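Sharing a structure below in structure tokens format, with a few things to ask.
Chain naming follows the written order as A, B and C, and within any one chain the residues start at number 1.
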Amino acid sequence: MSRLDFEDVTVRYGHHTVLDRVSLTVPEGQIMGLVGESGSGKSTLARAAVGLAPLDGGRILLDGQPVRHRGRRRPIQMVFQDPFSSLDPRMSIGRSIAEALPDRLGRGPRAAEIARLVQLVHLDPDRAADAPSRLSGGQRQRVAIARALAGRPSVVLADEITSALDVSVQGAILNLVREMQRETGLTVLFISHNLAVVRYVATHVAVMAGGRIVEQGPTADVFANPASAYTRELLASIPGPA
Amino acid sequence: MVIQQAEVQQAVSRPRGRWWTFAGRRVRRLLISLWVLVTASFLMIQLVPGDPVRAALGTNAPPDLVASRRAQLGLDDPLLEQYLRYLGNLFTGDLGESILTQLPVADTIVQRLLGTLSLAVPAFLLTFAIAIPVGVAMAVATRRGRRRRAELSFVGTSIVLSSIPEFVVSVALVAVVAVNLGILPAAGRDGIGSFVLPVLALSIGPAAVMSRIVRVEMLAVLDADYVRTARSKRLSSLRINLRHALPNAVTATLTLSGIMFAAMVAGTVLVENVFAWPGLGSTIVSSIRSRDYPLVQGSVLVYGAIALLANTLVDVAVAALDPRSTIGDS
Amino acid sequence: MRRHWPQVLRTPVGIVGIALLTILLLLAVLAPLLWGDRATATDTGDILSGPSSQHWAGTDDLGRDIFFRTLVATRLSIVLTLLATALGVGLGLLLGLAPLLLPRRLGRIMVAFLNVLLGFPSLLMVLFLAVILGVSTSSAVLAIGVAIASPFARLVHTLGAGIAERDYVAAARISGVNPVRVIVRHVLPNVAEPLVVNATVTASSVLLAFGGLSFLGIGVQPPQYDWGRLMQDGLGSIYTNPLAALLPGIAFVVTGLAFNLTGEAAAGTFGAKSRSRSRWTSPAAPVTVRPSGSGDEEHARVADVLDVRDLHVSFPGPEGPISPVRGVSLTLRTGEAVGVVGESGSGKSMTALAVAQLLEEPGRVTAERLTFCETDLQAGARSDHDALLGTSLAVVFQDPMSSLNPVMRIGSQLVEAARRHQGLTRQEASDRAVDRLRAVHLADPERRARQHPHEFSGGMRQRTMIAMGLMGTPRLIVADEPTTALDMTVQRQVLDLLQETRRDHGTAILLISHDVSVVSSVCDRVLVMYAGRIVEDLPSADLRTKARHPYTRALIGAVPDMATDLDAPLTTIPGQPVDPRNVPDGCAYAARCPLATERCRQDDPVLVADAIGSVACWHADVALDVRIEEEAR
């Protein structure tokens, strides 16, 4: 699929520098985890990649080409944290998904495509007509994933997509992310504050703190032999049996 | 405890001078608003359809009188020159002369303004004196679905009272108290008794609205986590309600008081009319009707400036009283 | 939005409002047709007379009937109100939505301009515009329309900007939907409800503004007349015929009420809809009382800090009480740390609140036994236990940002309980507060005590909550998700502090968390809750190896830890958690359980104690066997 490169990306809000010359490569066809604490800038990095946060410096490249944020075709899609805010309460989930389809389709093919996407995330295609209020948090997150896939992206950014979910649902969504990536070969940037979750889904990991990347590499290596003191501190903070 | 260092820094990094930043921004907005107000009031005379002087003096006025008044008002000079002169005069407190009476507008306004403020200020204080205790008491008594009937009758009464415009209240008060019962004067400013009806007329509606707002704020605060924390300390309910909940509910309410005061000052226009009260409100209306534009101009300027000043003062004062960091957001 | 209108009609307030509006609209249409002549007919022989059988509200200076004039004036008053409202609302929508479409800087300038306009009272704006536009009916409409546009625009902008920040709007933008379409499709429909409500209330203030202008003689001009004009005319004869001024006044009040009541009812309905999600409002299953947990009655030993037997929590619902906690029994010994885990809605937080005696009306707590430090908390009045609970029981809540009072200094919040319950002097109490802040490892506690909560970080606030508990001699800390809102490194510190407190003061800890790993890092014992019951109770060391309830095992398997097998999928739990309004017969977990049989669906399993712990499952033995088989493979 595609490789996503951040080159010296800087984002400021007023006088506050949120991203400070961040350079990061999300390898092609892999899931890269991005960990860090609140305020470290990890969400802003994702928002910058889809054009929701304007850059104050640097560039973001998709397969070596600058990412475009115009027109119907958007190769980078994003799934958000809060399942209760990520779907328009007044649109059926089918319409929400249809909105993200890049091509204008006739009624029949469109319905078929929506059904395909809904099934892809293991929901009953009959539910396409349902309003989001009839869905649980986990089901909404599935719809949000289907919507992201509807845009036929080459890269998907997942921003804390399980942290607002109940523990019992979290596992199912993580399974879905892994399965989806394996089947489609998508490039995924998986943002989470939870190291165990990142260890489970991601082959590569980058650690962010204070708007900078402090460490990156294959997940197993980074977690086994952390090079930076901050990563070591994060690993030491994981609660475990006393 | 090495890690805590970062945490401490994060918390301390909020500058102490935040209030000053806020006050500075608020004063800047005040200055811009004042400039808009001054310019608008200047343009008012220019925008009036036809010749303002002819309109004021009537169609039968001799042409040379009109011409001399025009010259006197400087209406024949280039616009920019007029504007600069207007600004310059403002700084010396000169608001021009009335076309009709030829008295200085500033003198008339100062004299009448005192009459208006002598209604608006007591009405403002009375509103809060009613709204805060009533709102707080109703919130405490009716929270969590208790005393549904009391809640319904309170909300109902308050909606009814706030639906009555101040001029209707004024007329009703005059009809009932002054005419029927004959206990208080129906019009004019004559002794302390003559203040009662206009002040009541001005404050009944706002008090009804305010007490409802106080109640809603108080209900929200009583459900806040920090009130639960206070209850977990098993403090007396008096202390929980008055020391923990009330200040939070009132700060939110006070934010609205600037707008309310401004509206109240404006509301005197109608009330003064009913009570034949010698204030700025009756002046502005009569000058609009008689097309005495310099007087209208001056009155609009003063009304607007009072509203703007009240808003700014309240905002800055609330920000100073409220130690929360949220003040920066407005 | 249309869907909700019928609901407006279900409240008495709404019915009155809509009925009044209908009558007024009918009057507006019919009155001029029916009584137009009688309202303009002059009777020079009967001028300025009081109420009589011919003229119910008397006559004016031309001998015209005031009653009929008031009725006929309905049309003009209402038509002008609606015109000016429509103008203001339309203009407001344009001005309010424009900043969302304009380039960022231009939008910001526009919002700043709106803010400046808002500083002026609308009556002043109306007067100003009335001067410029000249005194006439149409210029009054224009003036009022423009004057109400700015507050309405502000509302549109605030609401619209709120929606524009939603993730679904971001998602639409990311997938290339054009900005105008985003506004029309996503923003407008989601702000329509509050806007309709506000427009209704605005209409009532337009009515009054118009009335005010006419009353002042600068609105409607003769020979046209509206209620404001009629009031002004009537004011002159207030001594001879007060009704002449009061009747149009009553018309104002009735119309204003009609708009306001309709708006209130609509706001109530719309509001209630979004509120109902978080409250217990609908049908409930009858409370099934079952034999209490682990049998022996001699459980309450002297060393027990907390002894709870068969605890129920219920809330009134429209169709009978709803019980989020249905018979929980638990015991905590001195210095013991017990965790409670479960999904949201399992009743764990309610249990914590009930134990801490912080559940408020209309919630009801009943228990066979509820003993804290050998005191029966159910005996006597709540206030009888204030001193005990105020000094010996501490609580820490989930959200550190809202659990401290924002307008009080940290020091004052610490000292008040000690002053009330321990009778310390001001000086003693504040010395102790500083000492306690030091004990929870806050640097520079003297300065910290003088600060306000907003100067503290989340972790520092949770420490402060613990310090608050340490002002007395805490026997028990009830901590409800105390670290959920915190970063991982800060979470570690707060958990360490809880451990330290327990070690140094022998304080028992009841830790509620959704996170199994947090609980097992702090607690000796873990209680697993499902649908308001404890389904398993076991030592936390055995959680990963000896859990027998299928729900416990699924909970553990669903969450990856640093040792999870990367090649196997995580455990999933099918279906939804039980709705406390509709608890099924038999085992509440049966519908989601892979081991469920007919017996599970009919008979409710009881919590049975054995060597490992307690479990409420008919297949507890099977479950363990399956587990062992899995491990053998």
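Operating definition for what follows: a residue touches a chain if its C-beta (ideal position, glycine included) is under 8 Å from a C-beta of that chain, and two chains touch if they have at least 3 such contacts.
The shown structure was predicted, so the numbers you read here are calculated from the model rather than taken from an experiment.
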Contact graph of the chains (line, ring, star, complete, other): line
If chain centres are mean C-alpha positions, then the most distant from chain A is chain B
Here the gap between chain A and chain C, centre to centre from mean Cα coordinates and rounded to Å, is 30
Rounded to the nearest Å, the gap between Cα centres of chain A and chain B is 50
Chain C residues touching 2+ other chains are 489
Note: chain A residues in touch with at least two other chains are 233
Each of the following residues of chain B touches two or more other chains, namely 3, 10
Listed in rising order, the residues of chain B that touch chain C in the complex are 1, 3-4, 7-8, 10-12, 14, 29, 32-33, 36-37, 40-41, 44, 47-49, 144-146, 155-156, 159-160, 162-165, 167-168, 171-172, 174-175, 179-180, 186, 224-236, 239, 243-244, 247-248, 251, 259, 262-263, 265-267, 269-270, 273-274, 284-285, 288-289, 293, 296, 300, 303-304, 307-308, 311, 322-326
In the complex, chain C touches chain A at residues 166-168, 170-177, 185-186, 189-190, 343-344, 487-489, 491-492, 495, 499, 514-518, 520-523, 540-541, 543, 554-555, 557-562, 564, 566, 569-573, 576-577
The answer for chain A against chain C in the complex is residues 37-38, 47, 50-52, 70-74, 76-78, 80-82, 85-91, 96, 99-100, 102, 136, 144, 147-148, 150-151, 166-172, 174-175, 178, 193, 195-197, 199-200, 223, 233-234, 236-242
Per the touch rule above, chain C residues touching chain B in the complex are 13, 112, 115-116, 119-124, 127-128, 130-135, 204, 208, 211-212, 215-218, 231, 234-235, 238-239, 242, 245-246, 249, 252-253, 256-257, 260-261, 264, 356, 358, 360-362, 383, 385-387, 389-390, 393-395, 397, 399, 402-408, 413, 416-417, 420-421, 441, 443, 452, 454-457, 459-460, 465, 468, 489-490, 493
